[in-house]
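In the two assemblies presented below, chain A is common to both, partnered first by chain B and then by chain C.
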Partner chain A sequence: MRVIDVRGLRKEFTVRVRKTMLRREKRVVAAVDGVDLRVERGELLGYLGPNGAGKSTTLKMLTGVLHPTAGHVSVCGFTPVPQRIKLARRIGVVFGQRSQLWWDLPLRDSFDLLKAIYRVPGEQHAAQLKRCRDLLDLDSFMDTPVRQLSLGQRMRGELTASLLHSPEILFLDEPTIGLDVVSKQAVRGFLAELGARGDTTIVLTTHDLADIERLCSRIVVIDHGKVVHDGSIQDLHLRYGSRRRVIADFDVAFTYPVDLPGVVLESSTGTRLVFAVDEVGPLAAVLAANGSLRDLSIAEPEIEDVISRLYQTPAGQVG
Partner chain B sequence: MGLVTATVDRLTFRNFTELASLTGAIAASGFRRFSTYRQATVASLVTNTMFGFLRTYVMLAIVGTAGATLAGYTGAQLAGYVWVGQGLLGVVLLWGWNDLAERIRSGDVVTDLMRPIHPVLSYLSADLGRAAYAMMFRFLPPIVVGALVFQIYLPKDLVTYPLFLISVLLAVIVCFACRYLVNASAFWLLDHRGVTMFWLFTSGIMGGLYFPVHFLPDWAVALLWFGTPGPSLLQAPMDIFVERDGVAIRVGLIGIQLFWAVLLLWVCTVVQRRAERKMVIQGG
Partner chain C sequence: MGETLRIYLQLIGAQGRAQASYRVSFWLDLAGNAIVVGADLLTVLVIYTQVPKLGGFGVAQTLVFFGLALAAFSLADLFVGNIERMKTYVRMGTLDGVLVRPLGVLPQLLAMDVGFRRLGRVAYALVIFAVSLSYADIPWTPSRVVLAVVAPLSGAVFFCAYFVATATVAFWWVESGELANALTYGGRDFTSYPITVYSGWFRKLFAFGLGFGFVAYYPGLALLGIPDPLGFPSWLGWGSVLVALIAVMVAATIWRTGVRHYRSTGS
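Right, the complex of A and B next:
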């Protein structure tokens, strides 16, 4: 079942540029420029892009906060802006840099208030809260005012707050920003578990590619307001020719000329050679047979490299 | 009213009770939130009480030179007027509320829009909770101090007490709506300080805080009551409390307040809708 259907989505902002002391010129900037996106129920989608690419703007249009300039948007069968209040009951949203909790109230009171606002039946609220308390380990700070929580504790509270009404879609805008390693792992583990159950669709926006690798089966990359990739991480590697690296260390300098199809020598210091390869086997055999091979390691292609190459490609030339 | 239709589909009894329990829950949270700032409450009480002394002496000096009454008030009524005003200042919260403007400036307002409740209703409910807290802890202490030191007028008619409470409730709503509109200017201006300064300057004068609006010429009094929400903020409940006029006029004052409350809340929903159409969320 399709829960998000977006076609030709566009959002323009008017920017005023100062020309002289008195004269300002209006310029129209398209933050989102013709995005098409279809998301099925239960998908865990990574929505990537460099700063200013239009990720957050898309999310705000999907949640009904911003009016699209053009295009069709349907989320859970609703048109977000005119039906924002109805839609709000069906979705959960976490902004890593903003808080939906009440600053002055203990976490417990914030949750009680959300129960009233979303009109969640008592039993459902208690069950959801218990699950989040167990998985996110909230018990030690349930009675602490939100203003006194650490960032990691607050983010666990934010995740709980967004899930108490059992939303069909969870939108996460940089949920791990600023978190330490332990908190990041807690958040990722929780999202992985939520995604594995398959009843919540998750749209995750992040700059942390470890989040994406760990969680997302599908990634959509947006740049300059346009979708430049829509598929799995493997598709991305294939498309951009990402290759594994073979790092070979020798006791004495290796001089034998390697001439194998699909093997490129990237760097050499004499005793350490780095190759980019399609297949490791033939190269390993040549290296072992023709030199004093001490150590051989294989590095999987880095998603950072692929994404940074994608970001550096002028928009419109890809996809 | 747009406020209600935006939240529920049809105003049935069930929807109404759900809405009432929702606003009740938010109001209760508003009460709890403000009850955490006890030292701020004490500081405000001290300030309001000190200014109460200052204003009472000025008023008594004026009425002393004018004769037994001035603009329909006796000395005791003017003293009552001052002390009730000092108590109500924190209840209607004439000044010092810029939560919404700050959330617009920072972009946090986006989370208000993601909740299944109209932002005006949400903020109003929280403000009613805050006002209930202030009514308990900021209204009575200055009046008790004033009554111990000065001869202040207390209502003679029993009906004045419920009328006064209704008038205070409407004053809180009118004041909330004015503050909401002043804050919402940040959607367009970002720096709302100019509008806030204008509000600071005019609300005290038009609301009858510094002196009763009846000190002004009749035409100005009529203009203020019917042309501006000013007297509905403080003058109305203060006049009702000191029983300056007969019961019919006291009820009429509540009618004027009701008119301004409904009108201004409607304006708030219109402004909110316009703001959302042109909104740019600050900070990505």
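Right, the complex of A and C next:
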């Protein structure tokens, strides 16, 4: 079932640019410029792009916060802005940069208020809360006022808050921003578990590519408001010809030429050779046949490399 | 409907609990409000030590206008006063969070910061209004009794609408705070005195164009049983209800347009 259907989505902002001391000029910038996006139920979608690409703006239009300048948007079968309230019951939203909890009250109170706001039946609320408490270790700070929570604790609270009404789609705008390694892993593990159950669709933006590698089967990359990639991480590697590396260390300098199809010698420092390969097997066999091979390691292609190459490609031009 | 009301009451209750953690500031505000209200009242009394009449009215009568305006203003301030923080809500992105919840935007914002701190001012205002009525020699009739209750309420509704309308400017213009403030307090000060002290286009604009004449002046005249020096009929006192309703409709339209033009922030 298709839960998000977006065609030709566009958002323009009018900004005033100061020209001289007194004169200001109006300029229209397209933050989102013709985005098409279709998401099926249960997908875990990573929405990537450099700073200012239009990720948050897109999410705001999908959640009913902003009115699109043009284009068609349907989320859970609703048109977000006019049907904002109906839509709100079916989605959960976490803005990593700002809190949606009650700042001066204990975390527990926020959950109670949300129960009322979303009219969640008692048992469902209890069950959902129990699950989040277990998975996210909330128990030690349920009674702490939100303003006294650490960023990591607060983010776990935000996640719980967004899920109490069992939304069909969860939108997360940079949920791991500013978190330490342990908290990031807690958040990722939780989302992975949620995604694996298959009934919640997750759309997530992030600048931490480890989130993407860990969680997302599909990534959509936008730049200057336009979609520049839509597919799996493997597709991206394929498209940019990024290949795995084989790093071989020898006891004595290895000087024999290696001539195999799909193998390129990238660097050689006497006893250490680095190859880029399509397939590891044949090369490994050749190298191992040389008696002085000490160590052999394989490095997966770096997603950072691919993404940064993608960001540097002028928008609209396919790599 | 009842369910929705219960949700808002719960939200307001939560706000009360949150503010209870700042108890000292509650008492400070109470004392501060007393000083501010006292100073305003004193201003009126000092003026009357210099002049016997102001715009054709004696001190007891002017105090009815003053009390009525203050009651209307502080009641409105209690319920929607925090809307003046609209620009902060826009800038901080609070509004984004409000928009993704299944409740109306305006009631949520209002419930987020009900001014329990401003309760003191309401109490002072009601006392001043009641005392002014008892000093003013009012020829009481049943309809005047009703008007004495209806007038502060419709004035409050009028100010609520006015606050919301001026605060809405923040949707387009994030740095609009000072303008909204000037309009809000300007409007209150205008209504505190009989409109006969103003003149020309200024009076026409504020009293009739923007409707401030119907907050305190005309209902006040009807209560006092005094004919309008400007020559308008006395039933205009009841016009405050109609003017309040019109103000609500205008404010609602401005508000809806504002929400539609909301552009959030870039981060």
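Everything below uses one rule, namely that the second predicted complex is superposed on the first by the 314 of 319 C-alpha atoms of A that agree within 3 Å, B and C clash if a C-alpha of one lies under 4 Å from a C-alpha of the other, contacts with A are read in each partner's own complex, and residues count from 1 in each chain.
FYI, contacts are C-beta pairs under 8 Å (C-beta built on N, C-alpha and C of every residue); 3 or more make two chains touch, one makes a residue touch a chain.
Only a predicted model underlies this, so the values are computations on that prediction, with no experimental measurement involved.
With chain A as the common reference for superposition, the partners chain B and chain C occupy clashing space.
Of the two partner chains placed by superposition, chain B and chain C are both touched by A:Ala116. Legend: residue contacts after superposition of the two complexes on their common chain; A:Arg98 is shown touching both chain B and chain C. In the superposed model, A:His229 lies in contact with neither chain B nor chain C. With the contact threshold set out at the top, residues 13, 56, 60, 63-67, 84-86, 88-89, 91, 93, 95, 97-100, 102, 104-105, 109, 113, 116-119, 145 of chain A are in contact with chain B in one structure and with chain C in the other. For chain A in complex with chain B, the residues that touch the partner chain are 13, 51, 56, 60, 63-67, 84-86, 88-89, 91, 93, 95, 97-100, 102, 104-105, 109, 112-113, 116-119, 145. For chain B in complex with chain A, the touching residues are 6-7, 18, 21-22, 25-26, 29, 32-33, 36-37, 107-108, 110-111, 113-118, 122, 276-277, 279-281, 283-284. Chain C contributes residues 3, 6-7, 10-11, 14, 17-19, 21, 92-97, 99-104, 260-264, 267 to its touches with chain A in the complex. In the complex of the two chains, the chain A residues touching chain C come out as 13, 56-57, 60, 63-67, 81, 84-86, 88-89, 91, 93, 95, 97-100, 102-105, 109, 113, 116-119, 145.
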